[in-house]
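Next, two complexes with chain A in common: one pairs it with chain B, the other with chain C.
On to the complex of A and B.
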């Protein structure tokens, strides 16, 4: 690995990094720490896509009140996606329908796709980071 | 020969994830691959503590990482934000936050999530253990 430190390597082109978020928002730290990681990737000018899988979709629900269980409402970080240029946000159509979730319930616009399209999306990535 | 980076999200003893990450790292090195970085995030930061004291007849994973570093000059990086939240500190962080002790072994480095992004972007393969 070349030069340590937090500076990205300007001469290296952006890589396509897909963050796969499959955990519900609370109960464990995965969701919250995944957002920190993908914002870091966007800050370092990588080509970031976000895939919400299964119960990971519950991260996107509006009107969360986790202070009732002594947790911070990290969904405010979703408001940074636009600022960080993160616009490729995906979910499986079946994961949405199985949970009865519709677009107006969610904090971010999600591109719904079938399994064949998902396979194509995954193949296009340089790396997949799972949380 | 591939350049490989590893992300470890599981704590020792509680989960098999970090043992699997260690065994994979050893196997990759034995096959002649370059392991560019091992990044400890989420509960994986618990791999990096001098205070873990397993019974003498059990495998000491923290020591095993330290020995691997000494043999192969591995880059063992611990996410500073995840570590501080979980009580994994080096001497300078302990002083900065007015804590009575510190526990990060000298073979591990505290740094930011940019190091994980860089490892994912610059390696041929990026593997996650402990999702």
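On to the complex of A and C.
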């Protein structure tokens, strides 16, 4: 390994990373930690996509008041997505409809897709990270 | 093609989600409590009917041994060691964990 500092900075090509968020908020720490991880990846100029799966979609609901259970509102971090250039946000159409969720109920603009499109999206990735 | 690694029994959201996302050419590797979904039981034959053809089925042998269920694995399941687990991860370009 060459000593860092003496070499010109090398840009590795960005990896396509898909963060798969499948847990509802607050019951466990997965949701909060996923946001930390994907923001870090975006800060290092990785090509980040975010997929909300199943009950993970409940992370996106407006009007969360976690102070009622003495927890922080981690959804404030969603406001950073734009700043970090994270615009590819996906969900399965069936996951949305099974939960009666529509776009205007969600904190982020989500691209709804069918199962076949999701398969294509997954296969395009370099890595899939599950939270 | 994706190696799907599941650590929960078949009666779980993540198992259902994984099953719905499997495609021919993918592999399913059951680890930890997931090995219970590989046992030869009527309930497990039910989920197996929803599994597409052409999905390779594996169960982590150590986890099956630990639970005393290694002899009861379904015929379609190949037991794999930890070393073979590593080989599978290397063999597939993509892995996806379900938990």
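Methods note: the second predicted complex is superposed on the first by the 121 of 131 C-alpha atoms of A that agree within 3 Å, B and C clash if a C-alpha of one lies under 4 Å from a C-alpha of the other, contacts with A are read in each partner's own complex, and residues count from 1 in each chain.
Here, a contact is a pair of C-beta atoms (placed from the backbone, for glycine too) under 8 Å apart; a residue touches a chain by one contact, two chains touch by 3 or more.
Just so it is clear, the model here is predicted, and its values are computed rather than measured.
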item: Which superposed partner A:118 touches (first chain B, second chain C, both, neither); value: second
item: Partner chain in contact with A:22 - chain B first, chain C second, else both or neither; value: both
item: Contacts of A:107 with chain B and chain C, given as first, second, both or neither; value: neither
item: Partner chain(s) touched by A:127 [first = chain B, second = chain C, both, neither]; value: both
item: Which of chain B and chain C A:53 touches, first, second, both or neither; value: second
item: First (chain B), second (chain C), both or neither touched by A:41; value: first
item: Superposition-derived comparison: chain B or chain C, residues of chain A touched; value: B
item: Overlap of the chain B and chain C footprints on chain A, listed as residue numbers; value: 22, 127-128, 130
item: Complex interface listing, chain A residues touching chain C; value: 20, 22, 53-55, 115, 118-119, 122-123, 125, 127-128, 130
item: Chain C residues within the chain A interface of the complex; value: 1-2, 13-14, 17, 20-21, 23, 94-99
item: Contacting residues of chain B [partner chain A, same complex]; value: 5, 7, 9, 36-37, 41-43, 75, 81-82, 109, 111-123, 125-126, 128, 131
item: Residues on chain A engaged by chain B in the complex (per definition of touch); value: 1-2, 4-9, 12, 14-15, 17, 22, 29-30, 33, 36-37, 40-41, 43-44, 46, 126-131
